[in-house]
Amino acid sequence: MGTVSPAAEEIRAPSPAALLRRRIFGHYGLVFGITVLFIIILIALFAPLLAGHDPYSQDLLARMKPPFWMNGSDPDHILGTDHLGRDYLARLLYGARISLAIGFIAALISGLIGTAMGVAAGYFGGRVDLVVTFLINVRLAMPVVLVALAVVAILGGSLHVVVTVLGLLLWDRFAVVMRSSVLQVRDLEYVNAAKAIGCSTRRIILSEIMPNIVNNLIVVATLEMAHAILLEAALSFLGLGVQPPTPSWGLMISEGKQMMLFEPWLIAIPGIALFILVLAINLLGDGLRDVTAPENRG
Amino acid sequence: MLVFALKRLGLVVLVTLTVSLLSFSLLFMSGDPASAIAGENASASDIEAIRTLYGFDRPFLVQYGDWLSGALRGDFGQSYYFKLPVSTLIADRLSVTMLLGVCGISFALLTAVPLGVVAAMRPNSFIDRAALFLSVMGQAMPSFWFGLVLIVIFSIQLNWLPPSGSSGWQNFIMPTVVLGYYAMPAIMRLTRAGMLEVLGADYIRTARAKGASEMRVMFKHALRNAIVPVVSLAAVQMGFMLGGSIVVESIFALHGAGYLAWESIARNDLPTVQALILIFSCFYIIFTFLSDLANAWLDPRIRVG
Amino acid sequence: MAVMMTGGEAMADKASDTLKAAFTKELESVDSYFNSAREGVILQRTIWDGLIYLNQATGKYEGNLATSWKWVDDTTLEFKLREGVTFHNGEEFDADDVVFTVNFVADPANGVVTQRNVNWMKEATKVDKYTVRIVTKGPFPAALEYLAGPVSIYPNEYYAEVGPKGMGLKPVGTGPYQVESVEPGKHFVLKKFDGYHDGPKGKATIGTVDIRTIPDVNTQLAELFSGGLDFIWGVPSDQAEKLAATGRFNVVNESTMRVGYLELDAAGRSGTDNPVTKLAVRQAINHAIDRQAIVDNLLKGKSKIVNAACFSSQFGCEQDVAAYDYDPEKAKALLAEAGYPDGFAIDLYAYRDRAYAEAMLAYLAEVGITANLKYLQYSALRDLRRNGETSMSFQSWGSYSVNDVSAITSEFFKHGAEDFARDDEVKAWLDTADTSIDPAVREENYSKALRKIADQAYWVPLFSYNSNYVFSKELEYTPTSDEVVRFFHARWN
């Protein structure tokens, strides 16, 4: 870029949309992230069609059948069966639903809380800002895993409880980022113009400020979604997450762990699935940040 | 500087108080603490007696005040399970967690900072991409899974390292790697970004122009400036790590404070859980406070703002 | 730091004469009257002695700290004590120790956690230096069973001085091993007691027993492979099979007295509209679960299906009771008859063996019962049950290894907080049996109670448990069905 003279750039400048498209497709991480995430979402949506087995139906006579690449595998169970003879592929595919749902809903709850707090703090400043900053400090000081474990243990583990607890715990980054984003735009000309013509605060925030910070919001949302998915897996792994027989990937790892010394594939398969999902979401988030604000890469 | 420090200290005290209130209220979310203490064979009158003995019949705020004043003196009450003072229990196990935290953060810094520097020296080179790849992997790898994989490889297949316990330095290698890898990506990225920014600055060009060697430029001039935010991030990460060691300690059966927390949660031993939440929070608060001070010391602009 | 100072671990092997074992649970106190864990029982039998000893091979009582005993009347037992026994701290053993221990633990004010083990005793009185009498609160036929089991004798002077807390940190007994160090919950080191008396337990042969707490069976296995442990037990059947196949370890399976069952709220404590208050529904649940398949494929080993609400070897455990075979069609028909042709939804509470509970969920689903698993910690679940809030829960009971039906059936069917049947007739039979010292009367009444329990399907009796003991090829050990690991019987080969 440095070698191109400003004049030449002006002449050959493509439309902004084309530029954005080129940036997106030139970013391998982003392309990979989007593709993989899209595939996983499709898998989650069409799990019943793809699985070929009921993820809950057990067969105690066909326990821990190995996956296709190992001796003694059963062509009917491509990824083998678990400790109760349930089809591992079916559980893996249905598990994608659980992970995505948890990540999405937790990010949604925390996004609503965090954005509301961050925008209020950034826009109004003063006391509101002080209170919000204080709350962020309090939240950051609480050890997330420990608090989540304690609360889930008290309330009893279930999908609803886990999602709610994670949603109520993970809003801090939303608040921090939204607050500083709003601070950057709130004194820009068009915002002042809107104020001058007497727009309501609500209107200014929703139609003048939000569109300008939504990029950052999406980036944080992807990262928090990944965070929530990993935390759910960790909670389920420690036995305080969602309840069996729900096919959660964390639970699958936790159950497979019993036999990990002899049948390592039992933890390898859900572990790799979890890794790929989180990787895809993270790459998507990183990529979006690079593409929408290239100067921030790093 | 003093004013800044005092203001910060005020915030620290307020945050600590709020956290303590939140962790204390956990006890009351969980139903009847008296029945939990009374145990298996208690009758209704036993439970009533315990309620009065422990003072659970008093108003919430009075009990909180009591607990807090005890906590300030280092007295967190008695563990329901071990019937020993919580402070004794925690003091006994905190050293393992602290050691693990120090090892973890050192590992993270020792790998992330050189990688970040090298990556910044050659942006978009193979090594830059490799470093980025490593950090992306680190962010996506579930740490409990990574720990299990290490155990399978290094304890079972190769038999190089003991899978559990805390009796020798060998026991700390795998937990250190797992915990450190968790903190590494953020530090690496920050180092890289900081270095890129600093390398574009005038004084680096001047240093290069004067004919200073590349190594000297990198480590003497550039890194010294880029490292400031990294140090404060490391302090924050250290606080996170102590709270996050719960997973690592449970996998490697390290009898540290995180493991105690997990077990205490499973056993409904709330005084221990409360104390641990407060203590981990305090670590985080202290580390961020110190890093704020260090930053203000190094960068006068912060003090004014 | 302190951690690093302890240095490397001694190699666990014959050469260093150190047996390295693992506990699964963090033991709250070593004082056997102040913990209710299996780990506590193991240490209790190792560090302390009881007045009498139950020979596991012959099933006969032998004198341990007592040399002989007799019932003076229905409620008084008189013991002649063994002379020349000393405690680990050098204190001499005599009648004062027995009197002090019994009177201390029998007083509810002292807060012994395992009350059922001691609350049958009223007091002990000294006759002379080596003669002592124990008075029971009423006729208590199982007294010898308890005196050979959980009731062990503590040194009076030392216990008076340090109390349960001190005893937990620095235990002193007369047993074959003395305690070298205790890190509460984490690590216990035992040394052979050279001055051990000539009792029926016999002297220990292995010099040091080093026990660490490793909660995860998997980590225990990893340690076993890498030589960090040489004796573990309670290994799940799948892993035990694989371990046996490696040929590197001795793998021995032994049955235990622990029985698994579903507790059904027949009395309607959790709500009178609850489906399991109906007999047909309870019978349907009994028919719905393929217990044999669970035993064959999940528990394996010496586990067996259980039909009566007790373990077969226990005195009074009538085997001729109604048995419900696996018959999902019949289960569906019974459900329809009870007015649930489309099944119903219910919460199944459980605190252990998640896999077994999951397997039962699937069987229940097949007959139309949607059971939601609520997996809780034991103490949390116990609170719910005591408050009568559970309509169906998966329980297990090890009877504290007491070989008598009073330790299980009477525990749960005498209108206590954990009785969900509340059957007056059953209670009356059990009361008669529990307080009679005539074995025939006892057997007859236990039989009546157990038959009615089975007819009414108050429980779904499931299976007996087994335990796999895995140890180094250098070790020799024969497990017993009471689930107590006796380190003093282990030897290097």
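Going in written order, the chains are labelled A, B and C, and every chain counts its residues from 1.
Definition applied: a residue touches a chain if its C-beta (ideal position, glycine included) is under 8 Å from a C-beta of that chain, and two chains touch if they have at least 3 such contacts.
Remember, it's a predicted structure, so these values are computed and weren't measured experimentally.
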Pair exhibiting more inter-chain C-beta contacts, B-C or A-B: A-B
Middle chain, criterion being Cα centroid separation: B
Distance between chain centroids, defined by C-alpha means - subunit A, subunit C (Å): 46
Centroid distance [mean C-alpha coordinates] between subunit C and subunit B, Å: 40
Length of the line joining the C-alpha centres of subunit A and subunit B, rounded to whole Å: 23
Subunit B, residues touching no fewer than two other chains: 156, 250, 266, 268
In subunit A, residues with contacts to at least two other chains: 153, 239, 257, 260-261
Sites on subunit C at which at least two other chains make contact: 216, 222, 225, 377
Subunit B - residues contacting subunit C, complex: 31-32, 35-36, 39-41, 81-84, 89, 92, 95-96, 98-99, 151, 155-156, 159, 162-169, 250-253, 255, 263, 266-268
Residues of subunit C touching subunit A in the complex: 216-218, 221-222, 225, 236, 238-239, 242, 290, 293-294, 296-298, 354-355, 357-359, 361-362, 365, 372-377
Subunit C-touching residues of subunit A, taken from the complex the two chains share: 56-58, 60-61, 63-64, 83-84, 153, 156-157, 239, 243-245, 255, 257-262
Complex contacts: residues of subunit B adjacent to subunit A: 11, 14-16, 18-19, 22-23, 26, 29-30, 136-137, 139-145, 148-149, 152, 156, 189-190, 192-193, 196, 240, 242-244, 246-247, 250, 258, 261-262, 265-266, 268, 273, 276-277, 280-281, 284-285, 288
Footprint of subunit B on subunit A - complex, ascending: 29, 134, 137-138, 140-147, 149-151, 153-155, 226, 230, 233-234, 237-240, 250, 253, 257, 260-261, 264, 267, 271, 274-276, 278-279, 282-283, 286, 297-298
